[in-house]
Amino acid sequence: MHPRPRLGELGLGTGKKARLHRILHDHGLCNGTAFFLPYDQGLEHGPRDFFANPGAADPRYIVQLAIEGGFNGIVLQVGLAEKFYWDYAGEVPLVLKLNGKTEIPSDAEALSPVHATVEDAVRLGADAVGYTLYVGTPVQDKDFEQYRKVRADAHRLGMPLIVWAYPRGSAIEAKGGRDSFYAVDYAARTAAELGADVVKVNYPHPEKTEGVPVNYAGQFSVQEAMDSVVRSAGRTLLLVSGGGRAGDEAMLDKARSAMEAGATGLIFGRNVWQRERAESLRFVSALRDILAKHPSE
Amino acid sequence: MHPRPRLGELGLGTGKKARLHRILHDHGLCNGTAFFLPYDQGLEHGPRDFFANPGAADPRYIVQLAIEGGFNGIVLQVGLAEKFYWDYAGEVPLVLKLNGKTEIPSDAEALSPVHATVEDAVRLGADAVGYTLYVGTPVQDKDFEQYRKVRADAHRLGMPLIVWAYPRGSAIEAKGGRDSFYAVDYAARTAAELGADVVKVNYPHPEKTEGVPVNYAGQFSVQEAMDSVVRSAGRTLLLVSGGGRAGDEAMLDKARSAMEAGATGLIFGRNVWQRERAESLRFVSALRDILAKHPSE
Amino acid sequence: MHPRPRLGELGLGTGKKARLHRILHDHGLCNGTAFFLPYDQGLEHGPRDFFANPGAADPRYIVQLAIEGGFNGIVLQVGLAEKFYWDYAGEVPLVLKLNGKTEIPSDAEALSPVHATVEDAVRLGADAVGYTLYVGTPVQDKDFEQYRKVRADAHRLGMPLIVWAYPRGSAIEAKGGRDSFYAVDYAARTAAELGADVVKVNYPHPEKTEGVPVNYAGQFSVQEAMDSVVRSAGRTLLLVSGGGRAGDEAMLDKARSAMEAGATGLIFGRNVWQRERAESLRFVSALRDILAKHPSE
Amino acid sequence: MHPRPRLGELGLGTGKKARLHRILHDHGLCNGTAFFLPYDQGLEHGPRDFFANPGAADPRYIVQLAIEGGFNGIVLQVGLAEKFYWDYAGEVPLVLKLNGKTEIPSDAEALSPVHATVEDAVRLGADAVGYTLYVGTPVQDKDFEQYRKVRADAHRLGMPLIVWAYPRGSAIEAKGGRDSFYAVDYAARTAAELGADVVKVNYPHPEKTEGVPVNYAGQFSVQEAMDSVVRSAGRTLLLVSGGGRAGDEAMLDKARSAMEAGATGLIFGRNVWQRERAESLRFVSALRDILAKHPSE
Amino acid sequence: MHPRPRLGELGLGTGKKARLHRILHDHGLCNGTAFFLPYDQGLEHGPRDFFANPGAADPRYIVQLAIEGGFNGIVLQVGLAEKFYWDYAGEVPLVLKLNGKTEIPSDAEALSPVHATVEDAVRLGADAVGYTLYVGTPVQDKDFEQYRKVRADAHRLGMPLIVWAYPRGSAIEAKGGRDSFYAVDYAARTAAELGADVVKVNYPHPEKTEGVPVNYAGQFSVQEAMDSVVRSAGRTLLLVSGGGRAGDEAMLDKARSAMEAGATGLIFGRNVWQRERAESLRFVSALRDILAKHPSE
């Protein structure tokens, strides 16, 4: 297991340190771990994600769930943040997602266009911003150009930057796919190289070896892969994404394995709110039990 | 039926609230509903839209119709607003449409280029601006980039932002088409996620299921679809578009169904002015009767 | 016949009104009509346009012709304006053309790139600026973006904006061609919608109906088409372009028909200067006789 | 023969006139003619151009040759200007070339990207700037956009602008090729229309008529073609380029013909320095004899 | 052998000279040679480069190696520089790499997007910045545009600019490949023409002659090629890159040959740290012995 990096050794300026401290030590379990509730699926996938639990279409339902479930933060796009966060401002930290896209056009040249700014985040009292970087996309020049401005603004305004590091596009699909060990490991490192404070990755699948570089074509256990991904993130705090809805036990295993490897926390959306409310809270409680075993400074 | 959002709970700044209040409570039925007369078809479709009623080619005719018909606002592009609105300034609110395009080139990679600014709107005394977002277009990066600037300027200047949320482009045509329930529902949600104050959508067609995601492939009544679309818009006020000329009874049904679902109002152009003036006013009167039954705060 | 719009009802700011007044009432026939001499063909077609009358390759020859012929203005690109207009500054109004292109590359995705600014026009003492808008081009997003800046600068600096509204590109060629009634009518309207003060169009050909929308596929006389185009321009003053060299009687008919329809004037280049000087002046004189019959306020 | 334009009638501002005067009357033959030594081939063609005379790879060798040969100016890219011109600053005027490219990628959509600014030229004490315009390239919109900024900056800072007017790209290749009479004549005119103070062209080949417009398909002598090109440049001073290495007599004929036609001077690089030093100076001396016969004000 | 250029004759401003002096004379052998440790492979190739020596995945390991090995500088991307350099700031000079990319998408239209700025380098106490220029890429216009801004900022802030001059893209692959003598020689010259202070090149392979221009198709020894490359760089200091892992003797030969030719130093990454630490230091020591024999002013 990789030692979890301490907040004091991340090279952060005052504003970033203050805000990350608020997220990690004043909310959730207040033990240095993080548990975020992402709610950008209405843009990324459309309202179809709410059919399993129609109440979840209402942002109020979700913010209340984040508060009651004891999350460290909720992730919203600017429209919902402006129209729904005011009622609960200060009760749960806000992560403003600065880019996003619909699922309608092809992902072959994936790009998540920016539609909000770090200044919007400051204005709305957010404690972090989120940016989706499509690692390996054929249009990485556009992606990096957008990202550069976000990174610079986040630095200038002392706003922690969480990077959704998602391998995407035709090129990575031809080299093992978006969730191969190679892809996820590379994505974590890319976020670290480019200056993310926190990186969100999907769980790596070391068994997907077709087309990956030779180093990744060997036999790796899931835990070895996860360990490597955390190591690749270095001093960039790592969050594991829940992804689409799956069985609870599988999700809890994933969470345990990630925390064992040195992840700082979890970011689970659909697995949390695509079910009835009481069930959501029970599942959240089980995940919190895991986080409680991995306190960090 | 979804409860219609009240003006006071929309998270609006002072300027946006003042201007929306003026539109919704000082004009039209003054009961919190909205009835807009859009007049951007001369650019979008060309003068062919005026052949059915040649008088409608003259912007003066249209502005006078908007005043006499008791509309809450008239939608103009900057050229017509500069050259024709002065005579009637203050008599009916102006919505300045900031982007638009001709129908000549292909819609496969649809984009509605910006040709006017929020500052133009302020200068011309407009009470709102309009922006066409082609939801799902393959060039959504360009669309979002344009939109971001409009949204930021509208926020800065306190100008309500009405988004024409139109699914368009080759990708959505391959996934059920531009007016499927999936497409319209997604469009409403996209506008809300991206920070529109008001969204204009076309009426959803739940029977168009070929190519749509599985959740939308079931059997839905027209009213169920409309309810869902209003729910997806959340605290973004929803307007239903009339679209091309159709039978009056069908249009009145559409209007009733939308208002039942919780829409804030209607935006009907060709169905209003592609007929002789007295007939236009009779039809407008019938629509106002419907709006009168759905007052809002 | 459409009543010719009066200068006082065009919604113009002070600077634009002062400059248009100077062009329309202090030069040419001083009767509110306009007769412009365009001289951008050296860029648009190259020196081949001067082979019929080699003297016309010299900008001095042309400016002198404009003065002696009693034109309301001469149209130049920035290079010729800087190097040749000084000698005659104030004797004939200058229209600075802000964009242009060579005829060498394909017109399938036509765009006329901007190479001068409204500030250049102010500096050179111009009384108007010209912009070529390729209505319906597949790259209309680039065209509108360029145009937006020109329009905004022209507004800010009180400089009248003359739009060369030219249907162009592969899409319009597939829908009846660049000089169909549909294309020219749409072009006039587009310029009006986008805020042109003056629009220059080619003469419409109602007999070209292959591929045009159904409304334009009927039988229209040339005069009906011209009337419609003027109506589509609304309060945007309309100039009819001479186009390539043709027979004098045909040109005079064209001019008469346009003025009857309510056009404000003519903009004839090659038909004027692609002949020996005395002949040019005789032809100009015949055109002035037509304009003299259509005074305007 | 076309009368060579006098410096006083070129419509120049003070800074441009001062600098051009310094080039034309204080250096070289001090008789109003110009003889430039271009040295951008290391970028345009790579070091292979120096294999014939390896000493020429050293910029010091070239600057010394320019001084000893009595040139009116030397043309350098910013890197060589910064690192080698200091030693000789003031001894020979510097023309800073602002754009350039390698020969490696295809020329089908030729564009010469800008990599230095007019302000760099001012800082380095240059007396003119150079810009390559690829007349007729399919990406002329990008080219004109770059050029517009250069022209505006050159105007603002009083820096003479020399345009390398080079027909290039797939479109001109299909219409007679880059050095047809049509292409070169058009290129000269384009530079004049767009505001160049000086234009550099290649020698026209009137015998290349395949694919050219009908006006250029006739029989023209080389001198007639050259005369026409100078006429097309108007008040933009014309320089004839040496091009690739050729026989000395052919080059001297070319120079004589150009000066007879009214050119202001020559810009010869490879023909000068792709030979041993003493030979270079002998050839330069012969060219100077020609220039001496064509003094200008 | 080409005389190594002295620091005093490079045309440098004060800031650039101060920082280069610090790198060349206050660190490493303090004899005017340079030995850099590049560590951008985590972004360029992903974590697979660390499988041979997993400890090398940790930036601390690498910085400590640079200090202990007596390097003149370490090259980092902004993320690692922000989070890991603070602990060792001042102990070894930092070169901040301003652009980079993943290996995932195709290199046919290679571009290394900028994601950090010269101001970031100043803020982090760096003594130089690095920029990868893909010489000959079909998108050289984008590359030069990025580069121009970096060069201008580096000039303004007195920051030495090291250019990774890498032939790349489909065009050069068709003309002899990225490491032919032609390609490397051209790359060195391009960096010099464009104003690099230092250029990093790969070792040329004169035996790769298929598709190269005729001048390079002859028989050249490796040393002749290297001599030529150094001559092409002129007053731009030249560093030879180690490239992928190869045999030690081959690498030492390469280093000797480069220094004989007049190179200023070496930049070796994978050959240094893709092995156990003690071995790394032994190899570094052998390379330092070579550098010690080539002191420079």
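Lettered A, B, C, D and E in written order, each chain numbered from 1.
Simple rule for what comes next: a residue touches a chain if its C-beta (ideal position, glycine included) is under 8 Å from a C-beta of that chain, and two chains touch if they have at least 3 such contacts.
Only a predicted model underlies this, so the values are computations on that prediction, with no experimental measurement involved.
Q: Under the document's definition of touching, what chains do subunit B and subunit C have as common neighbours?
A: none
Q: Tell me the angle, as a multiple of 5 degrees, of the rotation that maps subunit C onto subunit D over the C-alpha atoms.
A: 70
Q: Between subunit D and subunit E, tell me the centre distance in angstrom, where each centre is the average of that chain's C-alpha atoms.
A: Spacing between the chain centres: roughly 35 Å.
Q: For subunit C versus subunit E, what separation do you get between their C-alpha means, in angstrom?
A: Computed value for the inter-centroid distance: 57 Å.
Q: By the touch rule stated above, which residues of subunit C touch at least two different other chains?
A: Residues of subunit C touching two or more partner chains: there are none.
Q: Of all residues in subunit E, which touch subunit A in the complex?
A: Residues of subunit E touching subunit A: 40, 42-43, 46-48, 51, 54, 57-59, 77-80, 82-84, 86, 100-102, 104-106, 111, 113-117, 120, 142.
Q: What part of subunit A is in contact with subunit E in the complex they form?
A: Touch residues, subunit A against subunit E: 10-11, 135-138, 140-141, 143-145, 147-148, 151-152, 167, 169, 171-172, 175, 182, 185-186, 189-196, 213, 215-216, 228, 231-232, 234-236.
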